[in-house]
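Paired with chain B in one complex and with chain C in the other, chain A is shared by the two complexes that follow.
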Partner chain A sequence: MLSELGNLSVLISIILSFFLIFFSLRELKLNLIKPTSKIINLSRLQLSFTIMSFIILLLGYLFSDFSIINVYENSHSTKPLLYKVSGVWGNHEGSLLLWINVLVIFSYLFFKKNIGVNKKFQLLTLIFQNILILGFFIFLVTTSNPFSKIFPVPQEGLGLNPILQDPALAIHPPLLYLGFVGSSIYFSAALASLISKFDGKNFATVSKPWVLISWLFQTLGILVGSIWAYYELGWGGYWFWDPVENSSLIPWFLMTALFHSILVLEKRDGIYLWVIILSILTFTMSVTGTFLVRSGILNSVHTFANDPSRGMFILTFLSIMIFSSVYIFYKFSPTEERSFKFFSKEFFILTNNWFMIFFLITVLIGTIYPIFLEVLTSQKISIGPPYYNTVLAPFLIPLLFIMAYGPKTSWIISKPFKIKKILFTLLISSLITFFIIFLIDQKNYLINILLISSLYLILQSLFDLFKNLDNKKQKKTFVNKSSLVSHLGFGLFIFFISLNSIMSIEYDLNIKVGEKKQLNEFEISLDDLKVYDDKNFKKFVGDVTILDNKNNIIEKLKPEIRIYNSPETITYEASIKSNIFSDTYVTMSNISRSEFYNIKFHKKPFMNLIWLSTILIVFGGFLRAIGRKF
Partner chain B sequence: MRKIILSLTIVLISLIILILFLGLKTKKIYDTKDIIGKPISKLELKILNENNNFNTADLRKNNFTLINFWASWCAPCKKEHKHLISLKKKNIKILGINFKDKTSNANEFLKKLGNPYYLIASDQEGKTSVSFGVYGIPETILVNKDLIIVKKYIGPLDKNDVNKILEIVNKK
Partner chain C sequence: MKNFKQLFISLIFFGILFSNLFANDNLQNKIYKNLRCIVCQGQSIADSNSDFANTIKSVVNDKVNEGMNEKQIYNFLSQKYGDWILYNPPLKGNSYLLWILPYVFFIIGAIVLFFLLKKTLKHKRY
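Entry: the complex of A and B
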């Protein structure tokens, strides 16, 4: 029943997309000031039916309707409610439906908000967006239908992957989708803008909120994913440069670059084409990322059950998207002149772009180079953190200094720097860094310079923030508090991850129950091992005591080994004692055919502060989104 | 100028897409779960202490061959070694594949603990072992004379495994 309803609403949505394209094309030729109400109503209908198809699948999960293969394979009647809901997007088919929902929601909202802006631009945006929607609907129906039926109807489902049973992961995919699928709308708008000869400033004003919104969600999505990896995967880290993590980071670089350039474009001509390229590239890279994740061309924790025909479809679709964009760009792009003064605001903002593009290229090469190598030479390699850290970290240093200046320079005219103030801030940052190095006794030159430059950005941003809070007269300058907050967050972020990277301690030991082992200043013992039966899993809980002889602290942790029954999977739950300044992190795993348990013990400083500084970055963006001046 | 940039862009993009298409077609051995019941790859391996090579097709001569992946640096390998010796005494042909090891250390290891292998191949870079679907060592696979994998053990063999192997081999 639900399956038929689901298929029906998908079908209706597809027909509505065709209608929308057809009628929009017709209205393009008519002499109208704005699109007729027919288009608006069609959009509204499309929105309703697409959302309905999602709700139907959700109902399938809530009522455990195992006649739907997707529900049967990914859910279980005993699963907690939250995970029944998150099960909807915890698999390929359901997440694709969510993906389409985001496409449609953004399409509708963009259309609704910009009625009366420019008819041609608006209709063309709608047409391009609906071509995307249609493409993904065809993908859904031909290779990944979430409403396919199974007969005879099974009595019980096969369960959701237990690794995915985590609150952070329940919200991670929707957040990311709002981010990078949301970028589709400025992809469509950019193509429409070229063809309709929309002018740069208007394009900037129209697309700015959408870039900011997608950037906000993308940042949050990456943050939540990273938190999930830290707590759930039990690897003791928060970022692994895993190809799939990279595919969410690549659009983030582009969105960040795009948002900064759009601010310039709003005020100054000359970078319209660059903004268009970035808009096109953001969504193209998002789809490329999706291709890498869904096609099975890469192997990682995120790999969905894969099927080569899916990879084929996305890649074909991606090729069409890219070639049409290239064609439209070369056919319709106007010529433009550029002139920028050094040390003006636009100069600083555009420097950001160079850094972002550099980061992007580095991460992109690291991600796809192994694939290329395997195809061309059948050699298998993997590129790990050393590559990224070595290539990226040195470039953070100039970026941090530039970020300290960008927000307070003024448009067009450049003012000379106040050398004394720069030197003073630099001196304080260096003194603090020396003090820290002295305290923790670490000599890593790159990290030391990173600490100095991030402190410089932190101090400078704080100083500027206070100056602006104090003085109401500052209104006339071009300092924007929201960007100061985000930049402050970024400074803190780099400061804490730098400290975290040099101060983390990690021990790995094999231990029997009842045994005690001494590792430098720590004494670790596995006192007991208890077995519990939970609703859908059995767990072995270890009692681990860690005695820190140096600081005289005793900590008791309870890492778990869980054995889930449907499907049978073993997961290792980290036990984490967390406070503002430091996390103690213990994971336990059994060694097959022996009475030993492998214990991994980490001391990770400033984890919570790393998360908080990322939230501060997002908060800055949020301030701008709700601010009156935007 | 515009035309040159356009053609360069198109060539570059086409090349990337072409490689990705090819990438979709390449097969990957990542999962070893499904390996049972499948034939082993045809491979040439260097024989330890000799300059000759050995081909996996030669294993057709044996009714059953136990292929054991080991190294002198691997502690669990020491633990299972006595079981391999006992299997040798029961006339099981064991092919040892020495994984990412120094020849001198490998010889030392065998001198100390005895040599259960009728033939030892050397895989110093560890690449050949990957083609067998090996994740880490010790791992042991039992193949029949059609070179089909009958059984696979991850981790050191124990007494039960020895009995199971003997049971399979003596059944026929």
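Entry: the complex of A and C
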């Protein structure tokens, strides 16, 4: 029943997409000032039916309708409500439906918001967006229909992978999708803008909010994902430079570059073509990432159940997207004349773009190089954290200094640096770094310089922030507070990451129940092991005590080994005691054919502060999104 | 002014000198992190709980105790399991491009920026 309804509403949405394209094309030729209400109504209908198809799938999960294969494969009647809901997008088919929903929602909102801006631009954007929608609907129907039926109807579902049964992971995919699928709207708008010869300045004004919104969600999505990885994977880290993490980071670099450079276009009417290129690239890269993940080409923790025909479809679609964008770009791109002075906001923003593109290219090369190498020479190599750290980290140093100055510069031509102030700030940040080096054993040059430069950015942003809060009268020296907040957040982020990387302590030991192990400055004992039965899993809980040199108890922790029954999976739950300055982190696993347990003990400083500084980065963007005053 | 600079430069210098006195990173842990668990999906030896990872850990421990240095251990393991096991691909024939390309693009970016600054550019596309 639900299955038929689902298929029906998908079908209606597809037909509505055709209608939208058809009528928009017709209205393009008519002599109108703005699109007629027919288009808006069609768009609204499309929105309703697409959301309805999603709700129907959701109902399938809520009522455990196992006649739908997708529900049968990914749900279970005893599963908690939250994970029934998140199960909808915890699999390929459902997440594709979510993807399409985001495409449609953004399409509708963009259309609604910009009525009367420019008829041709608006209709063309709608057409391009609907071509995307149609493409993904066809993908959904032909290779990954979430509403396919199964007969005879099974009594019970197979259950959701326990590692995905987690609140952070329940909201991680929707956030990310709002980010990188949201970028589709400025992809479409960029192509439309080229063809309709839309004014560059207006294009910037119209698409700026969408870039910012998608960036906000993308950042949050990445943050939630890495928080999840930190406590759920039990590996003690929060970023693994996993290919799939990389494919969420690549669009992030582009969005960051874009919402900086779009300001140049808005305020100075320059670099129109570059902004267009970035807009097109962001969504293209998002789809490329999806292709790499869903086709199973990459070896990664995120790999979904994959299927070559899906890979082929996305690859074909991607190629069409790229070729037609390149064609439209060459055919319609206008002549542009612009020059910049060295000391201007324009220049600083372009420098940001330069670094972002460098980061992007490095991450991209690191992600796809092994694939190409294997295809061409059948040699297999791995590219992991050491590569990215070596190549990327040194470039953060100049970036941090540039970020300290960017927000203060003015358009066209800025006042020269005040050398004395720069040196003073440098002096203070070096002193603080010096003090830190003194406190902890520290041997890494790169980290020392990173500490100095991130402190420099932090101090500079704080000075500027306080200065701008103070004298409200001085409107002449208007400095964007939201960007100061975000830059401050980034400075703190790098500062805490650097400290975390050098101050983390970790031990990996094998221990029997009742045994004690002496480490350098700690003593660890596994006092007891208890077995409990829970609703849908059985768990072994270890009692781990951490003592210091003088035999004082520092922490008592309870890491778990969980054995889920549907589907049968073993997961290792980290036990984390966390405060603002430091996390104590223990995971436990059994070693097969022996009575030993493997205990990983981490002391990880400033984890919460790393999360908080990322939230500060997002907060800056949020301030900008809600009001022009900031 | 001059004093400021001198003070600053000497500070940095001392910072670097001073900081080099300490070195107590746990070698084994560092090596675990740079090895891929080749039976897992994108996990390092340090992260993994698999039997394979446990075996490799004990191999690494033995080799460290035998007095092998980091590089020798990587060589030993990559001879046995191929470069696939190393997260930090060594610079050789098949990875020159990997290590060089990012810098090439960085320089290209610099050149583009330079020309943008230098004069009013007349350009159709870039």
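In the analysis below, the second predicted complex is superposed on the first by the 622 of 630 C-alpha atoms of A that agree within 3 Å, B and C clash if a C-alpha of one lies under 4 Å from a C-alpha of the other, contacts with A are read in each partner's own complex, and residues count from 1 in each chain.
Note that contacts are C-beta pairs under 8 Å (C-beta built on N, C-alpha and C of every residue); 3 or more make two chains touch, one makes a residue touch a chain.
Keep in mind it's a predicted model, so treat the numbers as computed, not measured.
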Contacts of A:Leu423 with chain B and chain C, given as first, second, both or neither: second
Which superposed partner A:Thr351 touches (first chain B, second chain C, both, neither): second
First, second, both or neither for A:Lys556, with chain B first and chain C second: neither
Which superposed partner A:Tyr572 touches (first chain B, second chain C, both, neither): second
Which of chain B and chain C A:Lys197 touches, first, second, both or neither: neither
Chain B versus chain C as contact partner of A:Phe323, first or second or both or neither: first
Partner, of chain C and chain B, that touches more residues belonging to chain A: C
Partner chain in contact with A:Thr362 - chain B first, chain C second, else both or neither: second
Touched partner set for A:Lys516, first chain B, second chain C, both or neither: neither
Contacts of A:Gly311 with chain B and chain C, given as first, second, both or neither: first
Set intersection of chain A contacts, chain C complex versus chain B complex: 299, 330, 380, 592
Residues of chain A defined as touching chain C within the complex: 233, 235-237, 240, 242-243, 273-274, 299-303, 329-330, 333, 335-342, 347, 350-351, 354, 357-358, 361-362, 365-366, 369, 373, 377, 379-387, 390-391, 395, 419-420, 423-424, 426-427, 430-431, 433-434, 437-438, 441-445, 448, 452, 506-508, 572, 589, 591-592, 598
Residue ranges of chain A touching chain B (in the complex, touch as defined): 291, 295, 297, 299, 308, 311-312, 315, 318-319, 322-323, 326, 330, 368, 371-372, 374-376, 378, 380, 592-593
Chain A partner contacts - residues on chain B that touch it in the complex: 2, 6, 9-10, 13, 16-17, 19-26, 28, 30, 130, 154-156, 158
Chain C residues within the chain A interface of the complex: 1, 4-5, 7-8, 11-12, 14-16, 18-26, 28-29, 32-34, 36, 41-44, 46-47, 49, 51, 54, 57, 82-89, 94-95, 97-99, 101-102, 105-106, 109-110, 112-113, 116-117, 119-126
